[in-house]
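Heads up, there are several structures right after this.
There are two complexes below, and they share chain A, which is joined by chain B in the first and by chain C in the second.
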Partner chain A sequence: MADAGAHQSSRSRDLDKLLLRPGHLVGPAFEPGTELRDDIQEYARILVVGAGGLGCELLKDLALSGFRNLEVIDMDRIEVSNLNRQFLFRLEDVGKPKAEVAAKRVMERVSGVNIVPHFCRIEDKLDEFYSDFMIIVLGLDSIEARSYINEVACSFLEYDSNGNPREETMKPMVDGGTEGFKGHARVILPGITPCFQCTIWLFPPQVKYPLCTLAETPRTAPHCIEYAHLIKWDEVHSGKTFDPDNPQHMQWVYSEALKRAALFSIPGVTYTLTQGVVKNIIPAIASTNAIISAACALETLKIASGCSKTLSNYLTYNGVEGLHTKVTEFVRDKECLMCGPGIFMELETSDTLKMLMDKLGDEPQLLMSGVSVKHGGKTLYMQAPPELEAMTRSNLSISLFKLMEESPKGILHVTGTAGKPGKRQSCSTKLRVAFKGVAGIKDTDMAGGA
Partner chain B sequence: MIKLFKVKEKQRELAENSNGKPPVKKQSAGELRLHKDISELNLPKTCSISFPNGKDDLMNFEVTIRPDDGYYLGGTFTFTFQISSIYPHEAPKVKCKTKVYHPNIDLDGNVCLNILREDWKPVLNINTIIYGLYHLFTEPNHEDPLNREAAAVLRDNPKMFESNVRRAMAGGYVGQTFFTRCI
Partner chain C sequence: MAEPKAEPKPEPKTKYDRQLRIWGEQGQSALEKASICLLNCGPTGSETLKNLVLGGIGSITVVDGSKVENGDLGNNFMVSESNLGQPKAKCVCAFLQELNDAVKAKFIEEHPVTLIDTNPSFFSQFTVVIATQLVEASMVKLDRICRDANVMLIFARSYGLSGFVRISVKEHTVIESKPDHFLDDLRLNNPWPELKKFTESIDLDTSDPVAHKHTPYILILVKMANDWAKAHNGKLPSTREEKREFKELIKAKTIAPDEDNYKEAIEASFKVFAPQGISSSNLKRILDDPCSEVDSCSSDFWVMVAALKEFIANEGGGEAPLEGSIPDMTSSTEIYINLQKLYQAKAEADFIIVGQRVRDILKKIGRDPLSISNDLIKSFCKNARKLTVCRYKSIEEEFNSPILPEMQKYLSDEEYSVAVGFYILLRAVDRFSANYNAFPGQFDGAMDEEISRLKTTAVSLLTDLGCNGSPLPEDLINEMCRYGAAELHAVAAYIGGVASQEVIKLITRQFVPMSGTFIFNGIDHKSQLLSL
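And then the complex of A and B:
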């Protein structure tokens, strides 16, 4: 027993220096002590999204940073090409779900940690699943997946009557990303720091070659590959969709690209390049993943414990030549449809959709006319085109309360022309709607994309 | 934040989710932006839009173009649009459903229009694309060929190109290829 205790204390020795002692660089609500350390072990539930290059590192780092309740979600199975850097996986694991193997391996090596794997798509989980976590850490490689998690996290956010975010509804995210020798780590506190959507312009546009170049004047190996992938595939397999995860499909594209390259005497088409071009894969570097994950794990610990102020708010790392890192403080888009407060409106349960639209014209912050309205997946009213206008016109005389499934509050998205005369322009905004006299109402509402 | 979360966790243990209502479907940023694009559509008389999946699926729609000028006068051409959840960061995927004899549209419906691929910018919108497609019919261009034979005929023998287009639109063979009637 004495041995076990000594082992335990040596494992948390460095962590204790951060969590048990006061300091002058700490976060605002930091209360050092063993209770903090124990609470992190007992209550902090962290979700790691992705169990690939970053995910493996993140799980290990978080487990060794004292977090004991981790869950990991990933839809992929292990491939041979993962083994050089996704160090939790072995040759005999090829074909098994990444999340399950990663969870098992970390639990074998780090005593006391419990990791629940989820082998599924992120869209398969209900919002309640995501809402249970204190912090969501992202180790992803796609904009779509980040965007989706961001939508979910922002949908939990509520604002008070002064338009300030309510801290207890905030779902912090820590996002890591790498491309070769470059990487980023960022802290997203919805309502406080820019959300993913606020700064989506940071991502460079994907490289897309003109189709006619591919068809007529290929000059590079990627041109030949994209010809096989985008044009030749459809010509030969009419109606059958190309599946980038099907090795036979990929092999077919590769062999067609080779023929094409031979025809135009273009060198450089390989199977790896074919995969790279078709799936947009950038070679991953193990050390970049390790560095970015370490930064993310540390930020997660800082958010949970308050032992230091968090990164504010976007760290870039570049190891291409020498080493360069920089932290940039990006600002929120105040009108962001995902994390912004939008406009709050209190309505009578008898108010019709038409009455709401008229109110938007009088609302001093908006003065909106030509309004179209959406609620969740439902199109409530469209000004144009005529086909949609006709399909939605009957909603105008129905009470909004009914159209919103008699929820006491909810989110609408409206678009139209807004602003003072002479300065009117096209505008989209979120409306937080609450109905008077319905039980359970406060003057707050969700900010999220709902 | 741990204190806050601890309180929340304890409350959660006490009262498991009381709200029995099904969750409201979340809207992707792409859907919200598209909602704006669609509500602001301002199409020429020659173009119309339809939503085969009904009013609640705006992400998949069809645009029909009936050119009122040029080689394709009188034809009816339908394009399918697929919009991604990260629109407008990513351009819509557009294909021509109608088989057409056209230098910039191949027989599988791939369309060579710069703003659909290399020159797409998030400030562009659905309206711009529809105008771009319309433009392809009034001014087909032999310099960016996807259908090389059609492009060569347009370049070398516009009269023959015109009669080929007519024959294809009326339903018939041009060379080895059969086109269904679209007039």
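And then the complex of A and C:
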């Protein structure tokens, strides 16, 4: 290996090769040069959602990929069982907020990087918080959290009069997930590549045992555990909620499960299994998190810089039997209520918010009930929590035209439960409304509709 | 940095809980006994080791002769500004030690290439050697050393948006391959006498509706297969028409629409149609392997294979030892538990026979008949259908005489074109650097000249390999020069992650390590495994 010039190497020695030199296999907007490198350092703001196994890796990877403005959001505190993979945490950190410790550790080691931690729930932040970032990177382990961020990111998306997504409103997401030796990484460009909702079927349904099996014909150790957890607990502790993080509660479930197993001569109930079943623990190791996070960080760098092609659009990694990687190009669901152009509705200026909500129930595409409505960053009506419901109830009788500041048209975000009976699920969609008889509406505004 | 801590440590079990659920106490204990040597601690090597240290690997030895410079601060998390000018091995080692004080960490400040040339016996003390960022000549030498010393070896390299991981071990045998999806071993098409007898004790046509809907599908299918065979000269359904008819017969037994057990029976009926005996081609290959003719030098694995072979030919009547577990299925508790016991008893009986055969063979080849533990034999029997053997060609052989038809196939297959292009170019850059003392594009300027030199080098490499007239995409050659041997952190973290995952599989002897050479394609992630 040549050693010449080694002493004068710059910190961005390696990254510069990628960002400063032209190439042929690059993104369409790639403009190599020091300006690109400096812009990424100065202006690209990236949000990392989750400071766990993937989040720790992501923060490190992004900090060493030329990004200097990072924020991280996580509501969890550090636990001992995190330490086999969440390498930014030490034993003495147990109990501290993950986001704060992770941010501090990376800043200590990579000078020039600024990481703002947010120790809170993702729902605690306003939509404006999320709209501020260039790219949102997700290191999560639940479908619910992914769906939430997806909904927020897709709500920023606007379509032009030709029905094409407007690039400046597109909030790219990069998502990773792992389980044991397996994982996935994906790039979501709302309006172009499928969002979570478009491919919601990718998530396997959770294992649920029929209650009659638990109660009448238990056969396996998990049956005994779930009996103790779901049936016996409520029988014995009337009104007291089971807390999976309370070791005494867990111990109680374990000993009840043991009794039940003994009664039916069912082998295999252990404390470890009890925890696994009750908390639905997903096994996790450092190496898989490293692989998936690295893929996500690399894609984030590519989206921000155009320095190479991007993953299109879903990578799976499986190291169980040999090594298998696969890239699948999923396609958008054109009918997707989340990332599509939404539903168009024409209203009278006198129509009240309540009347709109009733119309949503009749709209054959939606059949939506339990509706909550937002306009811009403002909540017009919210079903829950009760305090918010009470605060917004008075809007119900006000005309929507007025609530939307008398603009001839606009976009609302509505959430609720939708679908045909038997297939109803929570749903969120954009509603493009226009008011009849108000100047300023041209035919083209209605093109590209639902 | 790490101060001795006063407070009692939490159970290591809790700390490793999420991985113990994958590889169990045995896997963990194998990791804790393993000693690892890392060659070169740039980001690729450091990240590989980080993932192993977190998991509680026994000991690590970091070998690197360089000092920390500015460029390292931009791609390696294990070094920081205060380390500038210090030995890199020392700094990386100190950071890794901070991650897990249960790991014995030490470093040697020496260039790996020097060590390979001057002190080959150094490597024999390790369980696994992880060699990162080595050029071709050193890879070949190290591979020879490790093969002679029976030390497992894995190569990892990051290069711009490309890279590779390659395992080099003469033979790696796996008992617990733990595949995700594997057909259960129920013997519905070939029940042993006790299962038949138990089936006869159950009345499928019971008038009690509760009993009827709680008869497990195992019993339904064994009974109905038996009835079918009686009516068809001892044969089970084999044609499409017969299979359809068999399913109709099951359906006709249903007396209420909510009988899940009958639905399960229809879904599982293909298990009745499956041929008897060993069906896995993988296992057949192992049984036919010359290593199954054992002598005093044979490993425990092959001694057990020899015993397995005898069992199949004799007591097994063509079948491997029964696995002994059944999946959950609709059933009354009592029948299910009894069935479970029945399967376990048969598995135990098979294990005892195999165990005796193992001891006989050991005696015959002049080894202590008790030198293979019963636990191991039991695990072997339980996993008999899933045994896996991996063999890796020597690096020298692959480099000098790769399998040409495979190479030609990759070169002409669009799915593989980038991966095989990277494979050739990753070798070409080493030749390039041997000739010009630097990698193409390593320093700024004269890019066009470097590109044409790399192209010439790649063409001559292809010619040497016997692949004349297979041009590489120009864009890829350009791309390789653009990379200029950069070790990007994200790529290094990916490659390091892959390497550490493979090391874990090698050490725990669980799951199946990758075969061939993994070529990372960071352009569009269409990475490939090449078997050359």
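By definition in this document, the second predicted complex is superposed on the first by the 334 of 450 C-alpha atoms of A that agree within 3 Å, B and C clash if a C-alpha of one lies under 4 Å from a C-alpha of the other, contacts with A are read in each partner's own complex, and residues count from 1 in each chain.
The rule we apply is simple: contacts are C-beta pairs under 8 Å (C-beta built on N, C-alpha and C of every residue); 3 or more make two chains touch, one makes a residue touch a chain.
Quick caveat: nothing in here was measured; it's all calculated off a predicted structure.
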Contacts of A:Glu226 with chain B and chain C, given as first, second, both or neither: neither
Touching partner for A:Ser265 - first (chain B), second (chain C), both, neither: second
Partner chain in contact with A:Ala384 - chain B first, chain C second, else both or neither: first
Touched partner set for A:Ser238, first chain B, second chain C, both or neither: first
Which of chain B and chain C A:Asp351 touches, first, second, both or neither: neither
First (chain B), second (chain C), both or neither touched by A:Ser81: second
Partner chain in contact with A:Asp141 - chain B first, chain C second, else both or neither: neither
First (chain B), second (chain C), both or neither touched by A:Glu256: neither
Of all residues in chain C, those that touch chain A in their complex: 5, 9-10, 14-22, 43, 47, 50-52, 54-56, 69-71, 73-77, 80-81, 98-100, 135, 160-161, 177-180, 214, 328-329, 331-333, 336-337, 433, 437-439, 441-443, 447, 474-476, 478-479, 482-484, 486-494, 496-498, 500-502, 504-505, 511-515, 518, 522-527, 529
Residues of chain A that touch chain B when the two form their complex: 29, 31, 36, 39-40, 43-45, 126-128, 132, 134-135, 143-144, 147-148, 151-152, 155, 167-168, 172, 197, 200-201, 203, 205-206, 208-212, 215-216, 230-231, 234-235, 238, 303-306, 337-338, 370, 372, 374-379, 382-385, 387-388, 391-392, 405, 407, 410-411, 413, 415-416, 426, 428, 448-450
Complex contact set, residues of chain A against chain C: 1-2, 4-7, 9-15, 17-18, 21-25, 57, 60-61, 64-65, 80-81, 83-85, 87, 90-92, 108-111, 180-181, 185, 217-220, 264-266, 272, 275-276, 281-295, 297-298, 301, 308-312, 315, 319-323, 325, 327
Complex contacts: residues of chain B adjacent to chain A: 1-6, 8-9, 12, 17, 21, 23-29, 31-33, 35-36, 38-43, 48-51, 54-56, 58, 84-86, 89-91, 104, 106-112, 114, 117-118, 120-122, 144-146, 148
